[in-house]
């Protein structure tokens, strides 16, 4: 594009959001609406990024004011613009759902923070200088933290904040290390730094990057904040956090590992370790999601599982660089990126679903919902799309990316030493995918199907304004599934442009013949509608009757419970759960005891609690030196003085 | 004066100062402590005169005179008065017994010797031997502050440290430029005065000048 | 064009024959248990009867309840169009092993949701157990297919596999193939709710899995669901016949080849049905929590298949 | 050309006398504000000239690039604190905690304090530098003990005694340095003047310089708040009036740092690497201990004091690393910390006066009770713990970057660990106060004199973090290059 237009486009996208930040802070009744609409405009502009890229090429711009580390500049290349576009659409949908949602905070500050988040995400995705990237990335953390504060959830938000900060500092350190080897602060000029850095340093940097971004994506053991925060933060915060900011993390991680550092074939061991970590995370996320009783907690673990699959793909990409064909590397990376994009679409849809359901019923526990499909059929259709996409069922988008993952795992055979690793990888994808599907079936089944499970009736129906963004996202789920091969091709092109992996179309060409989602969808739809059409033509009488009750009238509670539903699997994987059987007195009767099972997150109980106790103990120990006695204080000075003098004398 | 004689005199003064520091560590009465300090300051002043005489640096006379006026007479007198007025008691409260204090003081002297030993070669003043002594006086002064509980004894420790410091200044460089020297001296005086002001305020507020009551600000 | 016609007609053949094989299975089982058993054509009659009957739908069920049988049936139609049956290479543009696995997931997912509709306890229980099994099946299913594709050069396109295996000759009856096939056979039993995983002929509350999910269905819906499950076992059987032991399958569309293909395929499916019948007669249904052992064994078999692929 | 460096002392001293003569406390406060503004105005031409690379040197005075940074920081912090003092003390007067006469005395001491701190940065002789630093202690002792409560007296006593011991040790260091310089320069009266010393640094005796630096870093480090000599700091900061705490933290500690830096520059030439090692060691120790203290503190002002220790530690590490990048970061961090910490102190001051307690466990519902203060406290907290887009973030990562590019990975790693601990403790303690219902009985302090300096500081720290004009960046880089001997 021409430089003038680059600046114009960026200012059309970012300036309204900047105004939105300010406008939202004004104490006025209309602040929220004004700020959110400004942000909406920005998101709309953001959605145009990829079309504009196709039309005019890379957008690059340097801001007129410099930072302490030289200029701020922005470069929107192939991959960035695509991810910016999709993220912006998601952002727009979440934002427009927020406008009318009953549970969203009503003041303008929330919208103002959303504007901040949007700016930070966009800038992080297309930053071209280190400082801008690091600032934007940390601002993403900050904005999500502030957006997630609500009522008394301070501890959950704080946990997130601290863990994310740990990650942020790791990311910062890794970028600083890269910067110390590269010449200059311009990211687009960095490539294949591993040749300069040497293998140990670049492995260190890659580990820092994985763990650093992994804190946001829920890599074990940094995932402990996720369930608490997702369930206690406002819905739209969780939606944006798990989708848009995850996209940012994935994109930057991808660019840094495969572009800036560059992967070399000596990183075999590291790749295997990272693979193991992400596999474990995926299985853990899926396992834990089975025992959660709040929809949002399920979604938290599901995000963890999905993001772990993305990380798995990236680590496979590293593994394949040791002898794999460039086409294969590209394919597995495409799978990862595509899955991240898909995840952002279906997860935001699911988050909005859960949020709307909570708005309608006023309940947050799955155990007390149910029967929504009968009351709100349109809502249930849209949500079914989300659930099916998440469960990786054809012809929706989740299927396409998981297909590609499995395909590349299968195609990776014969590469150095991978005989055992790849089958295990396939098993991981299979088992975690299926477990996740179980937990989505459970989620959908217990929210939408059956009879309402509590006396409280649905207080209000979902409005068209809430449904519209969800329909948009559902259509996107479908479209991204249908046009999967096209999107994969584009992503492959983007990968070629932003990394040093030579582009190789052989696999993609082969792919087009194998994965044929339109064909699958076509046959499926034709056969479903043909048969259902036929049965409409030859209509038979249909009567409504109560569910078979074996002679006892069925009440709300006489249904299978969501805890019972996953019990068989819990029994199978019992040793892995940190479930605690608790015996307590029953309030209703003196002689009765009540058994309950509590599923505590083992990582929180066994790792974080002891760790924080240890730190606090150490801190208290140090604190005792400040004992108020001035004589001890003089003593410290004397001791330090004598020690140093003696040291200087003899060393 | 003959160089040898002045050298001997200087050594004598310095050793006396160190001995007085040790003596101060063994005192159990405030009055004794103040006396020890006054005598130590007297030796310091004398030392200044000797050095001034043997090197011909007349500003050291001024310094000696001020020391005489302030440290030998003024401060000990003021402190004695305050101690009486405040009913501060005659005892010096120490957190450590006399033998222990003396042993540690001796150890500090050894440390001072060890660390200053390489410096001896680099300084070419006639008073350079005093360096180790001055370091010892400083360290012992600091150690006195560590072991003594009363505000007044802590102040004396600080003043003794400063005596050691002035000894050091003279021993390695025959004194700093006069402006600096005078400034430093008045500063020290100001410190003494202000510490005195606050010691008064504290004694009024807490009815004691035992600093062990000042322990409420802590973690 | 001939390709499309052949493909459609072989799918039609599969759909048409599936109740027959279900009948054969039942009949064989009955004979092995020294019963007379119903006619091999009984399943046709059952389905036809169900289609004619009026439907009773639970008051608590939503639109999804009526929709699910169509989706289940549709996905089975899709699968039968994808699977090589008589002719190896008809399904080329979309017939892919991995897609296939995921279409099975769709089928199962929908069936589970159907079980949860209506709020019946039986449905919930069936769904719950079905989900447990499917989690444990999934890795071994994927791995056995991976071994298969690894054996034939890494392609996951179904129509590539029979010619590749046949081209390799009999040496290909390597441990890998046998192990993968046996693992796949176990998943067949599990997926199709056969003994020892489930007893298709019982409606005992505490034991049923598959039937539990269907308990609220009646009339046409039930008919479609029954038909789909017969098609499912047919598809699995023909996958074993066409992919693991493809000898005899038609590689070209010449009439002679096709005739041999039809004959050999029917024979292979018949053998598999007989094997299932034998197993069902000689084994009892396992306790629910013993099933993981069996499925882990299947997983181990498929993993061994993968290993032997490289090591042997 | 002489630019009237003396004015930097004369103006505040005159203002001190004037404020004592004022009829009321409020007019005295106006005098203080005017004085600080005048100081900034007067210092601007001097500093700009100095930053341009041209040192001003005549008589006792010496102002170069390094001093210019500190002068400007003291000027701005002084102005903000003077403004804040207006509202803060008049509230105390209203509540009969202090009398109007006390208020005037306060302003007198305040202006003297400013004068003392400015004089630290403009004198040439290291001996006089020592004197001026001692004067800052003496003057500020009265400010620390301004509320004549027992606890304030205790804090003052500790402050005075510990700092006097420290400063005495510092003088030993100066003496040793003088000994080595007079050895080289002979009996030159300028042998303690910094430019002369710096010129002759290469010829100074390494053993003496090493020992001198040990004394200097312990002595002035006491004043700067390096662990384990920091013990006076939390007491003094927590007991003094809030504007004074801000001054102590954001200006006074810098003065001591300034003195250490002057010595470090000499020591780095005479004994390369030695001073750096000590700076990193003490910096790391300070950072570690501050992290521990912040985790357990309950008193908001003590926590902020520990945070100052932490930042002084980070700055010391930055200067210790000594590469131009790290020094640049450390210089930036000085400015960033000094612009941010008063903001946090001022908002904490509002909380303290509003709720009547310093205990963070007793403060709840801040967001609803005092929205403005809560916002400022929140923003200030985020800024001080090093989150973008605030300036402390830039300073911290620049220092980290210096550590990484100098190959000191262990330094970087440890720094990160402690920064995280500080972050965790600080945010937990502060954000715990935010939620909840309106606190009954809280007396919300209001007034432009409070909100204006806070708003200004927020804007400054934000702008500093986001943008840096090329002129400023060049000036800081030139200092960094000069400091690290890269020129």
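Lettered A, B, C and D in written order, each chain numbered from 1.
Following the convention adopted for this analysis, a contact is a pair of C-beta atoms (placed from the backbone, for glycine too) under 8 Å apart; a residue touches a chain by one contact, two chains touch by 3 or more.
Quick caveat, the model's predicted, so the values are computed rather than measured.
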{"item": "Pair with more cross-chain C-beta pairs in contact, given A-B and B-D", "value": "B-D"}
{"item": "Chain at maximum distance from chain D, centres defined as averaged CA atoms", "value": "C"}
{"item": "Chain centre separation (chain A, chain B; CA means) in Å", "value": "68"}
{"item": "Cα-centroid distance, chain B relative to chain D, in whole angstrom", "value": "31"}
{"item": "Centroid spacing, where centroids are CA-atom means, of chain C and chain D in whole angstrom", "value": "77"}
{"item": "Between chain C and chain A, distance of the C-alpha-averaged centres to the nearest whole Å", "value": "35"}
{"item": "Overlap residues in chain C, where contacts from two or more other chains coincide", "value": "none"}
{"item": "Residue numbers of chain B (touch at least two other chains)", "value": "115, 118, 142, 145, 154, 211, 214, 216-217, 219"}
{"item": "Residues of chain D engaged with two or more neighbouring chains", "value": "157-158, 161, 165, 169, 211, 234, 293, 296"}
{"item": "Complete list of chain pairs which touch one another", "value": "A-B, A-C, A-D, B-D"}
{"item": "Parts of chain D lying in touch with chain A, wherever the complex brings them together", "value": "157-158, 161-162, 165-166, 169, 210-211, 214-215, 218, 222, 228-229, 231-232, 234, 278, 288-289, 291-293, 295-296, 332, 382, 387-389, 393-394, 397-398, 400-401, 404-405, 412-413, 416, 419-421, 423-425, 427-428, 431-432, 434-435, 466-470, 473"}
{"item": "Contacting residues of chain D [partner chain B, same complex]", "value": "125, 127-128, 130-131, 134-135, 138, 141, 145, 148, 150-151, 153-158, 160-161, 164-165, 168-169, 171-172, 175-176, 178-180, 182-183, 189, 191-192, 205, 207-208, 211, 234-235, 238-239, 293, 296-297, 302"}
{"item": "Sites on chain A touched by chain B in the complex", "value": "623-624, 626-632, 634-635, 637-638, 641-642, 645-646, 648-649"}
{"item": "Interface residues, chain A side, partner chain D - complex", "value": "65-69, 131, 134-136, 138-139, 141-142, 149, 151-152, 154, 157-158, 161-162, 165-166, 169-170, 172-173, 176-177, 179-180, 615-616, 618-623, 625-626, 630, 633-634, 636-637, 640-641, 644-645, 648"}
{"item": "Complex contacts: residues of chain B adjacent to chain A", "value": "95, 108, 111, 114-115, 117-118, 139, 142-143, 145-149, 154, 211-212, 214-219"}
